[in-house]
Amino acid sequence: MDKVFASIDEAVKDIPDGASIAIGGFFTAGTPVELIQALARHGAKNLTIICQQMGPGNEDVTKLVEQGQVKKAICNYPFYRSASRGANSPFEIAVRAGKIEVEVYPMGTFIEKMRAAGAGIAGFYTPTGVGTVVERGKEKKVFNGRTYLLEVALRPDYAFIHAWKGDRFGNCMYRKTAQNYNPEMGKAATITIAQVEKVVEAGELDPDKVHMPGIYVQRVVEVGRRTYKPGID
Amino acid sequence: MVVKPNKKKFEGIARELIALRIANDLQDGSYVNLGIGIPTLVSNWIEGRDLVLQSEIGMLNTGPLAEGDNIDQDCINASCQPVTELPGCCYFSDCESFAMIRGRYMDVAVLGALQVSEKGDLAGWNNPDRGFPEHVGNIGGSMDLAVGAKKVIVAMEHVTTKGDFKIVKKCSYPVTAIGVVKLIATDLALIEVTDNGLVLKEVAPGLTAEDVQSVTEPKLIISPDLREIAL
Amino acid sequence: MVVKPNKKKFEGIARELIALRIANDLQDGSYVNLGIGIPTLVSNWIEGRDLVLQSEIGMLNTGPLAEGDNIDQDCINASCQPVTELPGCCYFSDCESFAMIRGRYMDVAVLGALQVSEKGDLAGWNNPDRGFPEHVGNIGGSMDLAVGAKKVIVAMEHVTTKGDFKIVKKCSYPVTAIGVVKLIATDLALIEVTDNGLVLKEVAPGLTAEDVQSVTEPKLIISPDLREIAL
Amino acid sequence: MDKVFASIDEAVKDIPDGASIAIGGFFTAGTPVELIQALARHGAKNLTIICQQMGPGNEDVTKLVEQGQVKKAICNYPFYRSASRGANSPFEIAVRAGKIEVEVYPMGTFIEKMRAAGAGIAGFYTPTGVGTVVERGKEKKVFNGRTYLLEVALRPDYAFIHAWKGDRFGNCMYRKTAQNYNPEMGKAATITIAQVEKVVEAGELDPDKVHMPGIYVQRVVEVGRRTYKPGID
């Protein structure tokens, strides 16, 4: 079993127009920048992008927006906090113009929906969002006197994830807070493409310390390590 | 509707001291999540305290902000600030992080707010001034923290920059969660949310209960032990 | 009701060869879970094959049984046998293990059975002979594997030790899952479960299709390519 | 924060009659034998025991049964495979005599119910058990043409778990297949007691390799490492 691709462009080339793609990462930590850039070169259109942030700290996703590749965004923190910065954001402008549809979930619900998809769970009852606009159109149910919302699984066609090390079986290890959304997005998607800083030999990763069992990963591509500078949003 | 009081009438304590007042309220042995804004400043007051900070991105025993050579792009908090590790630190996924938040393992969440109602309803994720549809905005982790934490403390300015009430009878902004706030710490006062209503416990130096009431929409219950903010 | 055919009439292939037949059916590049009993024997035939075995206790790339100094009490399979690691091995929790099983990441599950119906219903967890209430018995991981795996292969003796049908029109024993079995490998035959019914593909050396039909309750469709079991 | 208890008997002494206790482990791997033995000494009665196996390979749980401490068992594989061995098993005898109530779940559902409790999820829809006796009395719902069962969270009062290493914050690392049920049982319970082979200093565990964040663990007690001989059930 060898899931390693030699080229990042090769790893994304079958993504069709209309695909849904979950993108891991949180600002400077664990964002699969090279894969997003490859997607921009690839040019697939009418995409549904599932990621934490569509604008802030994610210039590469912004490029997809600018190129008109994005039809819909599913996220939990779509906009800049600052209204003035937001006013100049291509994503915010596209949303206001009705060119991109936006679906927003609470952060825990957002990632639990993908955890459910990966785990074969069709739906789950969460207390989060009860009494808010998030409950609109959703079933509610009372368990032990407390009200919960039914949220359903979200299975992306593809996931782009970033890991520290990976092997040819697709086993991955993450580093510090660069883990974030990557594991559950990778488990949820039909095709998961892991960009890793380093591909190691099978057997080099301590089996007790693999964060992401290779069974969830279909493609692995080595990208090295770029440097980013963390700074407040 | 938000009823407009006069423009900002009172000088209260600094944001750093709101954070200190909250730090004083935290019980030793607690797990604490600090939101963006004033809540983040609480971390400046807890060095040496027996408290464990969670970063919802997936970290426990988060230490102070990192500087210089300690900065690691893979070790950041939810505001994208580089942070350090304390002994006993561990990392986990965002999914695990919110599992522990919803699962009621967080003793305290300190959150900012746009409005808090007398029933403890919290509105903090969507400022209608931005002009988005009502269901679109930066929810982030706020709704999960608000329903998951055992105790929700709100840290905010007592009124808006325009002088509008932020402590209101009923939230006019989209709510984050219903009936969850237990304590409100502002530049002017410390207010407890009880089943009987809002109890004014402490006021900023030089202010009276009447002063605080004048910038607070719901009727305040004055604590028999009313005192100056405990710093 | 289980209709009783005559006592065991035919000599078929050994259990080890049922396992070999199944090993021959596995596609390279597959993730495979092997149940207790004959299924476990499949592992003896796949050395050097491009297959990854999962142990539902929480392990991928499980290697052969451990012996002597390689035995580690912390490294066992679901039958409590000590096992070894292959390169690319990883460990995880039972919860994660069943997440990947239900999540349709397991290409093949090879399971034992007490009965299989012509619709592919599987009954394997509860033998009424034990005399427990109908809802009590050793379910273990069988129901999750049966509904989760992309392909379920049953490995079993063709009839019971008493000579009763095990391939039946309708399961009389409590079912494990409905309509999930795709292939049945026994000591006497290889049978595919299709939308049209059971297709007899291969028979044990020296047997005819009529022989197999005589110990099989539902009517078999004889494959035009009927042949001896491919070992 | 120091969750380390000096004595195992001290760690279990507050367990009241009628408590529900989840017990991790799978045969020789990761079973909290010392805690079970302490519970036998402690003597609490009318217990609900939640564990994989009530009889096979679990003589210490059998002792609780023999001492009449167990009112109910929630498990997924309660009996010996062999009818003749089962006939002599104190647990099987007690079940047949109606002295112990038994609730059986599929293995994946069994542990997912506890995962849900720990994660604040009230219930979830699983495909497992549809069309079987497991669906009795449970709500069913169709998602995308497939039928699922509603299963609800299971929150034990206590969990007994076994880990390889632990620190005073309760952070734990497991070893190989000794992980099994321990993490999710520990996350689900109100009070989780972790027996660890070795207590290490805070900071000694690599933060990227902690399997069990300490927030889920209320008590830690060091028990050293005993030797067991794996062998087929």
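In this document, chain identifiers A, B, C and D correspond to the written order of the chains, with residue numbering beginning at 1 in each.
In the analysis below, contacts are C-beta pairs under 8 Å (C-beta built on N, C-alpha and C of every residue); 3 or more make two chains touch, one makes a residue touch a chain.
Since we're looking at a predicted model, the values are computed, not measured.
Undergrad: Given the two chain pairs C-D and B-D, which is bridged by the higher number of C-beta pairs in contact?
TA: C-D
Undergrad: Could you give the separation in Å between the centres of chain C and chain D, each centre being the mean of its C-alpha atoms?
TA: 28
Undergrad: If you average the CA atoms of chain A and of chain C, how far apart do the two points sit, in angstrom?
TA: It comes to 37 Å between the two C-alpha centres.
Undergrad: If you average the CA atoms of chain B and of chain C, how many Å lie between those two points?
TA: So the centroids are 57 Å from each other.
Undergrad: What residues in chain B touch two or more of the other chains?
TA: In chain B, the residues touching two or more other chains are 91-92, 98-99, 101-102, 148.
Undergrad: Multi-chain contacts only, two chains or more: what residues does chain A have there?
TA: Correct list: 112, 115, 119-121, 126-127, 174-176, 207-208, 211.
Undergrad: Under the stated touch criterion, can you name all the chain pairs that qualify?
TA: A-B, A-C, A-D, B-D, C-D
Undergrad: What residues on chain D touch chain A, complex-wise?
TA: 112, 116, 119-127, 141, 143-144, 146, 148, 152-153, 173-176, 206-209
Undergrad: Which residues of chain A touch chain B once you look at their complex with the stated criterion?
TA: Per the stated touch rule, the residues are 26-30, 57, 76-79, 81, 83, 86, 95-96, 102, 104-109, 111-112, 114-115, 126-134, 136, 174-184, 211, 227-233.
Undergrad: Report the residues of chain B in contact with chain D in the complex, numbered from low to high.
TA: On the chain B side, the touching residues are 29, 31, 50, 52, 54, 60-61, 85, 87-92, 96, 98-105, 148.
Undergrad: Can you tell me which positions in chain A touch chain C when the two form their complex?
TA: Residues in contact with chain C: 1, 115, 117-121, 167-169, 171, 187, 201-203, 205, 207-208, 210, 213-216.
Undergrad: In their complex, what parts of chain C are in touch with chain D?
TA: Per the stated touch rule, the residues are 36, 55-59, 71-82, 91-95, 98-99, 101-102, 129-132, 134-144, 147-148, 174-178.
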